[in-house]
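By letter and in written order, the chains are A, B, C, D and E; residue numbering begins at 1 in each of them.
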Amino acid sequence: EGDSASETTSLKVMLDWYTNPSHAPLVIAQQRGIFERYGLDVELISPADPSVPPKLVAAGKVDLALSYQPQLHLQVDQGLPLVRVGTLIATPLNVTLVRADSDIESMKDLAGKSIGYSVGGVEKVLLNTMLEHNGVDPASVEMVNVNFALTPALISGKVDAITGAFRNFELAQMAQEGVKGRAFYIEEEGVPTYDELIFIANRDTLDTHRDAYARFMAAIEDATAWIINHPDEGWKAFTAYDPALDTPVNKKAWYNSIPRFALRPAALDVRRYKAFEAFLLERGQIKAKSPVSRLAVDVNRL
Amino acid sequence: MSMLKRFWPALLGIITLLGLWQILVVVSGVPDYILPAPLTVAQAFAAHQPLLWHHAGITVIEIVAGLLIGFISGLGTALALARFHGLRRTLLPILLISQAVPLFALAPILMLWLGYGMTAKIVMATLIIYFPVASTCYDGLRQTPQGWLDLAQTLGADRRRRLLRIQLPAALPALASGMRMAASAAPIGAVIGEWVGSSQGLGYLMLNANARMQVDLMFAALLILVTFGVALYFTTDALMRRLMPWHDDRISTR
Amino acid sequence: MTSLGFSLSQARLAFSGQWLFDGLTVDFAPGSWTGLLGRSGSGKSSLLRMIAGLPIPDTHDVTLTTSDERPLSGRLAWMAQQDQLLPWRKVIDNVLLGPALRDRPSAAQYQRALDLLGDVGLSDKTQQWPKTLSGGERQRVALARTLFEDAPVILMDEPFSAVDAITRLELHELAARLLAGRTVLLVTHDPLEALRLSDRILILSGQPASLSDVDVPDGHPPRALDAPDVQRMQSHLVRRLHTPHGPIDGSGA
Amino acid sequence: MSMLKRFWPALLGIITLLGLWQILVVVSGVPDYILPAPLTVAQAFAAHQPLLWHHAGITVIEIVAGLLIGFISGLGTALALARFHGLRRTLLPILLISQAVPLFALAPILMLWLGYGMTAKIVMATLIIYFPVASTCYDGLRQTPQGWLDLAQTLGADRRRRLLRIQLPAALPALASGMRMAASAAPIGAVIGEWVGSSQGLGYLMLNANARMQVDLMFAALLILVTFGVALYFTTDALMRRLMPWHDDRISTR
Amino acid sequence: MTSLGFSLSQARLAFSGQWLFDGLTVDFAPGSWTGLLGRSGSGKSSLLRMIAGLPIPDTHDVTLTTSDERPLSGRLAWMAQQDQLLPWRKVIDNVLLGPALRDRPSAAQYQRALDLLGDVGLSDKTQQWPKTLSGGERQRVALARTLFEDAPVILMDEPFSAVDAITRLELHELAARLLAGRTVLLVTHDPLEALRLSDRILILSGQPASLSDVDVPDGHPPRALDAPDVQRMQSHLVRRLHTPHGPIDGSGA
């Protein structure tokens, strides 16, 4: 299908953060020429601050960006002309982590503890929900912004737990330092499930690019399938993209990430967006409800 | 009255800046979530008063503490460098290196050692101020006119008194220049500290607002921060002038 | 205080390879006043710096011995050619600089500084900043600071050059009174001043320069200006300054 | 030879620092992922040579360009402030404000306007250098001794020549002090620029390595960066001394 | 160049409420040399600043008129009491400061500066930094810079105070030669110097100060020092400096 495209379309795609195994399908599609096959010339850009990509998409400086579903709700609520056009990782990655050798067996034991997080905008709400779900008074825990240093803060004992860690990555990082971790999964602790990594595009110019985005999602889909089929070869291709990626932690994270990739990146689960929006509205995180069509679209729908 | 006079040019500048900012926003059509217009920011400011002042209070403490410690340790280092020559050969490069290290790189270490409380942020603000103060003071201390040093020698001054009663006052103009500059940088130090690890203060508020795309709130916090910076500059300036009644820098050469 | 004499031997000084003087040897008797004259640039100020032990950027060398064989440093007062007032100290505090640099001025010292400022005619300017003083007033503050030191050896580099003729005469008398018994080396460009105040007059001249003695009038300094001796010797001295190497009075020390 | 002599004290300081660092790591038992030992860093350095030099090359260009532009514009601003008095009243506060704004806050705007190429990073480095240079130069320009200004007036100098031939040379020592300081801060400017948006350069490498907990690699990059900072300081120092053959700052007062 | 005269009227100056002088009126004839004497602190330097149009921090006021009714500014050269050499310009470039500040020195000007430095006895120091000069050498550079300006009105504040007696006589002759036909106001503390060089001598004295004329010897400056007239008048002048208000010669201008 894509092979027949005589003209190639250039796309600037901004990741949410430095290249890491969560971005595997993008990197693989690039490395294996899958984008080319779909008539796309894709430039991948990493930011250092995850809040920047949505702004640049909204301002029309890049075409697509990776962001997070909870943030999308806030962004749209703030009036940014953004819309989800695809899903990279279809489950939450967010976990609350404690050291396995600590006395914290469940979220209930977090009462009175200190919890580190990295500011993303919604950590407090998510954590409070989890705590309340477990009957813990959120006021009894001390929340500490440790920014980029989640793992060090936990393993060095500066905080008792961290939240907002990624299950595919931080656990591997802890293991690397010889510390076993215990994870509490957010969707098991009272928070509605959501898509962790999504592709967002500018709503105002969506129609002119719909075709390119559809091809882009198809390429991601192909790349994902190939990774699942060839995980080891995939790892090699991934590290060939940037030799600096070749670290033991990344390798672990690579295999941890594979089961998390959306098999149908373009597919839209309307219920998830409705439910999560309702959750945020109830928690006072957004001012108003938007129709799902303002939040997310299926680029393949006629 | 004289306060008003002193701050009037600054006010004028700020008003000009606000005007330019508003025009820029209108003309260039930058979207609100990148650069909100001053009026939007003013609204956010009004709407979030208690929140802003709460966080501002914390940051102010960090800034002022950092400033004082930075001033004192910077001046102390400069004096030590001028006093002990062996020290200079090794301490100066260390100082230089400390300046050349981006604070962000050290932040995790500092946080680990000092925890996520106020101390770490004060240390960050201190570090930002420390080098410019130490460096300009030291430069000033080195440039005492030879005649005064000769005089001190024949009058039988020991090194310590020569340093404190001759070189230090002679360096005051240079020192004032360094202090003024450092004062306006202090808020940045505190904010970086808060970015790296904190759940309070204007830096945290900015980070959080930014993550939540509340850019107007972020700019309102920024506005307070900048006001601190400017106020600190002028306060330091006034204090340094007080310290030098004999000195007339020609603000108003024709 | 017993008077302290000192002598230089083999004093030599060169700037960029050119000898200003080489092998100067001279003895300053305890309690005597020596007037030092010489053409501008002959090295008078540099010689004073060497005696005072102050840094000089180029080749130089001197052997200093004192009459009591202890080092001179700490026992001399030096008044530079420039007034070197510290702008951040008021007039009175400039006079009190010595005690402030060694310890902390006492009330008695404060009073003495006030008295000295009165002596040099600045009693109404004690609380002013140096920048508000006239050239002659600045020089008088520097003089008061030097007199304050009460040192046994005094080196003065053109100390009266910026004051008017009348004030100069008054200051001569003041200095002669306060510095009686001190060993004073006075650089001056005014032959009359040298004749009035000196027990001995030296001329620094030649290439490289050497020191030569000139006759001084009889009687004790400060001598009256209109003494016939002084007038006569002035023209003699001026002639000597013109033709420094003529063996008019025998050669230098 | 004389280069060696000039840099010897710096080397000594660096060696001392490395020694202290190694001792600190051993004694305090800081884990590797917070503060790796110098030897570990040296290994990482050796292992990643090509990677490090590639990124370093990019950062060097940013630093040097930022430094030059920052110097020139800072000096230009100071001259303009000293020359035009109307300007001072409004420009000075604007300058101050620009200094008090944490660059991070402006980053998205800069990126929006300048893209994420090298320009944005050069602008960041420039901004970091700009203020200290402008501020110290301006302070220096204001403090010309009155006698020289009087002389210029009676000699019939116009304002421009008075500024360039009297005030500017008289301010050179102050200016040198500001330049030295700014030079050692330039690498930080470039790095902040890279943090904000880049896929190349030492700053990018550091953040990236940090995010992956390759702390040894991060410190290896940091080491290069610090070396730049120190080298720039001494280069600037040497250049400024060249500019002032008449001036002896008493490095070696007894 | 035709000579330019000027006159002051109602010159007044106060520092912190105290009148230094009030209502001074005086006329400087075109091409004449006026010697200005007065006690240290009487306001001579300040008066020169007022004529030169330089800033003075306190209350002051003067009406200046010139013989051709055009403003004086740009047509006078001022030599301050301090030498004011710029440390970053070599000796020759300090002499060339005027042209450098107005435009760019020409080759002819460079040659003239060299000649002037030769005249003041510094031909071997033209390429040195000011910090390597002696006090008298610095003053001579400042003098050369002033002479270089070749202005119709010259204000000199104790221009020869730091040089030795012989050099001083030489510089007198040089100045008299180069500044012939200029209107010169010369502040000096040396009565002989004033008598030697001046067409007219003024004494600034009193509280508040006024100007009074003193007799000058016959003949044209520079007069010989040993002229009997000069010697006689010197003691007269010194007496006048002592008792300024006695109506010895009639009152001031």
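Everything below uses one rule, namely that a contact is a pair of C-beta atoms (placed from the backbone, for glycine too) under 8 Å apart; a residue touches a chain by one contact, two chains touch by 3 or more.
If you're wondering where the values come from, they're calculated on a predicted model, not measured in any experiment.
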Neighbouring chains shared between subunit A and subunit E, ordered by label: D
Taking each chain's C-alpha mean as its centre, the one farthest from subunit E: A
Rounded Å distance between subunit D and subunit E, as computed from the means of their C-alpha atoms: 49
Distance from the mean Cα position of subunit B to that of subunit A, given in whole angstrom: 38
Subunit E residues counted as touching two or more neighbouring chains: 55, 82
Multi-chain contact residues (two or more partners), subunit D: 34, 104, 108, 112, 146, 195, 210
Interface hub residues of subunit A, defined as touching at least two other chains: 49, 51, 55, 59, 148, 152, 156
Which chain pairs touch, all of them: A-B, A-D, B-C, B-D, C-E, D-E
Complex contacts: residues of subunit C adjacent to subunit B: 49, 52-55, 74, 76-78, 80, 82, 84, 86-88, 97-98, 100-102, 129-131, 149
Residues of subunit B defined as touching subunit C within the complex: 146-148, 150-158, 161-162, 165-166, 169-170, 172, 244-247
In the complex, subunit C residues that touch subunit E: 15, 37-41, 43-46, 81-82, 121, 132-137, 140, 157-158, 161-168, 189-191, 226, 235, 238, 241-242
Of subunit A, residues touching subunit B in the complex: 49-51, 54-55, 58-59, 71, 74-75, 78-80, 119-122, 143-149, 152-153, 156, 158
Residues of subunit D defined as touching subunit A within the complex: 31, 33-34, 48, 51, 104, 107-108, 111-112, 115-116, 194-199, 204-205, 207-214, 217
